[in-house]
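Naming follows writing order (A, B, C and D), and every chain is counted from residue 1.
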Amino acid sequence: MLDCEAALARASASEGLIPEDAAQAIVAACTEGQFDPAVIGQQAAASATPVIPLVSALREQVGAAYAPYVHLGATSQDIIDSAAMLIAKRALLPLLADARAAADAAAVLADVHRVTPMAGRTLLQDALPTSFGLRAAGWLIGIEEAAARLAEVAAKRLAVQMGGPVGSRPPQVAARVAAELGLAEPTLPWQAVRVRVAELAGALGALAGILGKVARDVTLLAADEVGEVRERTASGRGGSSAMPHKQNPVAAVSVIACANRVPGLVATLLATMLQEHERAAGSWQAEWGTLSELLGLVGSAAAWGRELLEGLEVVPERMRENLERLAAAGVSEAAAPLDHLEGAGELIDRALAAREPR
Amino acid sequence: MLDCEAALARASASEGLIPEDAAQAIVAACTEGQFDPAVIGQQAAASATPVIPLVSALREQVGAAYAPYVHLGATSQDIIDSAAMLIAKRALLPLLADARAAADAAAVLADVHRVTPMAGRTLLQDALPTSFGLRAAGWLIGIEEAAARLAEVAAKRLAVQMGGPVGSRPPQVAARVAAELGLAEPTLPWQAVRVRVAELAGALGALAGILGKVARDVTLLAADEVGEVRERTASGRGGSSAMPHKQNPVAAVSVIACANRVPGLVATLLATMLQEHERAAGSWQAEWGTLSELLGLVGSAAAWGRELLEGLEVVPERMRENLERLAAAGVSEAAAPLDHLEGAGELIDRALAAREPR
Amino acid sequence: MLDCEAALARASASEGLIPEDAAQAIVAACTEGQFDPAVIGQQAAASATPVIPLVSALREQVGAAYAPYVHLGATSQDIIDSAAMLIAKRALLPLLADARAAADAAAVLADVHRVTPMAGRTLLQDALPTSFGLRAAGWLIGIEEAAARLAEVAAKRLAVQMGGPVGSRPPQVAARVAAELGLAEPTLPWQAVRVRVAELAGALGALAGILGKVARDVTLLAADEVGEVRERTASGRGGSSAMPHKQNPVAAVSVIACANRVPGLVATLLATMLQEHERAAGSWQAEWGTLSELLGLVGSAAAWGRELLEGLEVVPERMRENLERLAAAGVSEAAAPLDHLEGAGELIDRALAAREPR
Amino acid sequence: MLDCEAALARASASEGLIPEDAAQAIVAACTEGQFDPAVIGQQAAASATPVIPLVSALREQVGAAYAPYVHLGATSQDIIDSAAMLIAKRALLPLLADARAAADAAAVLADVHRVTPMAGRTLLQDALPTSFGLRAAGWLIGIEEAAARLAEVAAKRLAVQMGGPVGSRPPQVAARVAAELGLAEPTLPWQAVRVRVAELAGALGALAGILGKVARDVTLLAADEVGEVRERTASGRGGSSAMPHKQNPVAAVSVIACANRVPGLVATLLATMLQEHERAAGSWQAEWGTLSELLGLVGSAAAWGRELLEGLEVVPERMRENLERLAAAGVSEAAAPLDHLEGAGELIDRALAAREPR
């Protein structure tokens, strides 16, 4: 929020709305000033917005001479929405880096295990042979596609808000603040038009879902009865408080735990789109904590997903053993699985070729 | 599903996998054959898929000679997923047409009421004057953006599924089926990688949300105390079973009723992304009815939203009266609102200019 | 809805508000009259309620003399809410019977397999031995508890609605209609106070969730690598369109498919509780289809869950084999599992003793 | 969690499983020991559970002699689930006190405004006269019913978990721990049978929903055009950062902001019921943060709801003015509203009589 107030001050000076020295004083206070989030949080309850106590504290810091130039022409929502988009933009940097690293690790698995035969399974029943590389190529494509959409949202849809009390402020200041903050410039102020938030939420939800799919596969393949993969872990990880023989798939469990919490939060951000008039009475405020949670959870899912895929150990011999069971059940393809993996190889090549350039 | 089986037959013939006359017989049976959905539905319970009884009925229709060429190399999921995407594609045609017509109607309102002053309202309290045109421009931009994203999903992300039992079938047949059906060709079969479904759901959710926002605004502005808009309706519409004096905002209520049901369905489609192995045991099947409901509800929301916006009557004199109350409360801007609408006009121009070419 | 109009007519006659012969005529028309749901549905769009065309058709059926006595003092919401509660009450009869039969089947499994050793599994990893009977006892208790709560809601919380246009009608007619329909009498009309709907939704959600847990366990235990249970099925059930060797766990998959769709619907019914004034503009109407879906899905989950549990085959020898793997991993308890099942037996006795009398 | 370990130590000593002095040492360490939540949180990532580092720290505190008696026979889930239920129990105390105080305030409004006429409104349109007291009685009944159910869950369904690694521990220790902690004793360990959590979530969801309904009504009635109620606030509350004339309904907005976030969280807790085997790989862990959020949000909603209702100012003269508009529209009941409020009075008496004794 302070970065937004600072950007507003710089933009206002550039537009000649406030003196240059006022802008400098405000920027300095935003950067170096002392603000106590706990106090501001407490005071926020009196107005249902943290911006009022923040602006008040900021005015105090800049002193009486510059105080009138603080927050000029802006409304609480300008600062909160711009800050939320800025936080999202910043959070998406490591989140997307982790997602792409997870995709890279899946690509390596796809490439290395191109013709490592394993039992394909449908409805949790043995089906026909496939290759582990093809499974990993599916993970790769899923993560790539979800990350590509999220990157697009990050680049184009995270826009500044700077419309003033009722969203009617002309666009010049908004354009400058957008440039200052590295956010997009919206066509209009979007105070109660929350399509951007919905797009961000939807893209985060899709990425969490595909990471959860990878993790679910790993928990199943790592089950003792299957034993086809395991998490390669730092010594001591995955221990149990009661069962020393266990090696729990900690990263996969953590991805699933995060991913399971995401759909409800996305639904909240869609349900709160029905915002009244120029600023909603409650459904806007409900976004704040929800978006924070969502970014945190998908960020964690991506970090754990990267760790999971980068450290995944594959056990081809167990894959072969499990295929023998399928062969014993009379499935001829399982007896000579390599004869049936040509399609898989061609598909893996397509998946590897389709990746976004890094 | 029959269209998908027909396309598969044509594609298989083109690839030389089945004789041309077999393809013709299958296509003919798919087009002209008699299938009883109720019977197929009932039989579907035995296998948790309608494709088994459908293929069985189709084989019966084409006769013993051609029966082996029906459904060749395909699995139930190929047909169900391709059919789901085909249904989505078809459903999105009228849905997007309605959404764009709703946007067109909002554009007219924005243009006509460029300088029609009204009270901007935040937290349901009078704030400062704005113009009704700017409110309508916000609706316009929101619907445009959500429809643009949905159109993109429709064009690029609705892909055929044709991977065979475990998703390892080489891509040639899939490419031909995609062309036949007018669907995208996926990089890989996407059996348990449901990013596409999630993107469709997210885009539908965003459109429903913004339509709901428009409708909520209308219910509030149409309240007797406000009286600034009303639904222009066919005679007799909006009546009450007990109160003859009432004129209910039927279209707005219907949009909200649809929009309220959407976030939970989107959450279901995100939550069911954690699909096991090559085909999930339950979470895939949960998509079927959910996606149908979702398409139906957002389609209804778009149709009602179009009717709402195309028939919206604006009452500028009530807007002026309500502004007088604000002026009486000492808000100077409300006393001469036209002086404060320059920004609004500039913003409306931007909104009108930003529209996608029709 | 016709049952509700008939009950209202009888109640109105008992209260001396309409002549006895009018009541008889209305009841007769409600019972024997011809109404076309498709036409009424179409006409409903004009008023956002099916009650207006229904009442109009009913008035036509009874003729001009009795028409004024139809729907006397009632509003659309009285009929729709009372009908919804009546439908819920009726739907819960077979639903609860199925749930209790599922619990009965789980009780038999718990009793029979009291000391059938199996590997307890945590985080999908082998943990320590338990007995399959204890697993089944957990299913039993979960279904029993969820069904007991749902039965309580059915008995006490499904109340008539009969408050007139704004919910201010005195309670006498409501009391009589409640008695006629076998529904509870509310303290007040509950037009926009939807706690009853929320309680019904919550109880349905909990039952779906526990049935889904049972089904998830079955899909995992029925996986070929585990092989500890399988669905006993009519010949031919569980087949695959492409893989004749497969025997899919159809009932378990169907339970999960239903259960996965429930949480989003429950969330919708909670989110739509924020209903405006005396009758909501959209959030009430959103309940209608949602509640129907919810009842249908949980009813299906219960029917499939019963079939699943009544037909579950247990394979103790596979359970022993899987335990040997755990013993081989050095887990001493797995070498002599029976020595460790005393607690399980005592717990199973508690579970069987805690069941509701049938 | 420390309270749970302490209770377990006491229970174990009572059962003769550990020496009395070991129990005392453990209890002392749990009460007075120094534990760094940040460090434990960080270490928790290695095992996907905070219990392992907590137990390790606790063992260190009690020293080598007593270390083996710490956490005896328990598993991580025993401590986490018991702690979650304990936290819920404690959180529900102020939460239910606030909810009941809100109901008390609604009761006063119902009583005082028994015959204060106001326009009943349906679909946001003027309908017929009612009394403000009847509206408040509806709020009262809704809050009472939701709080009563939540109190029942608090008293009967928040149970200890103490089943050991796979839930097969005999019930004696669990019974003693339950008594120590003031929690219910379950029939069986309920490790992957989450009906209790679902019931808690459902009851919290219903209370949040009805509080949200009250708050939505207040935002609508407090709109400047309606002006029938306003929040009585400490000086300065409800201010705007840009519009000094505004008095925002801060408490109502805050209730709605909290309530809007609840349905998605309830859905998460229902969706995560499909937990595998004896302990789930991810869906259990997803509960932790979700339940914390849920308790916090409904607690906040109740606190703000109480403040809202205790401080609500009613403006009968504006209610009368608004009724005059309805009378002018030809609604005869609006001309002499008091003649139509008999039913309302009788209903209010019922609502006041139906309250739970405090």
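One rule holds for everything that comes next: a contact is a pair of C-beta atoms (placed from the backbone, for glycine too) under 8 Å apart; a residue touches a chain by one contact, two chains touch by 3 or more.
Worth saying up front: this structure is predicted, and the values here are computed from it rather than measured.
S.K.: Look at all chain centres (mean of CA atoms) and spot the one farthest from the centre of chain B.
M.R.: It is D.
S.K.: Higher C-beta contact count, A-B or B-C?
M.R.: A-B
S.K.: With chain centres defined as C-alpha means, what is the inter-centre distance between chain B and chain D in Å?
M.R.: 36
S.K.: What whole-number Å value describes the gap between the mean CA coordinates of chain A and chain B?
M.R.: A distance of 25 Å separates the two centres.
S.K.: Round to the nearest whole Å and give the separation of the Cα centres of chain B and chain C.
M.R.: 29
S.K.: Could you list which residues of chain C touch at least two other chains?
M.R.: 48, 75, 121-124, 127-128, 164-165, 212, 215-216, 219-220, 240, 243, 248-249, 253, 256, 259-260, 263-264, 266-268, 271, 281, in rising order.
S.K.: Taking the complex as given, what residues does chain C use to touch chain A?
M.R.: Counting only chain C, the residues touching chain A are 119, 121-128, 219-220, 222-226, 240, 243, 245-249, 253, 263-264, 267, 271, 322, 325-326, 329-331.
S.K.: Where on chain B does chain C make contact in their complex?
M.R.: Residues of chain B touching chain C: 45-49, 51-52, 55, 71, 74-76, 164-165, 212, 215-216, 219, 234, 236-243, 248-250, 252-261, 263-268, 271-272, 281-283, 285-286, 288-290, 293.
S.K.: Quick one: in the complex, what on chain D touches chain C?
M.R.: 48, 75, 77, 120-124, 127-131, 134-135, 137-139, 141-142, 145-146, 149, 164-171, 187-196, 198-199, 201-203, 205-206, 208-210, 212-213, 215-217, 220, 256, 259-260, 262-264, 266-268, 270-271, 273-281, 340-344, 346-347, 350-351, 354
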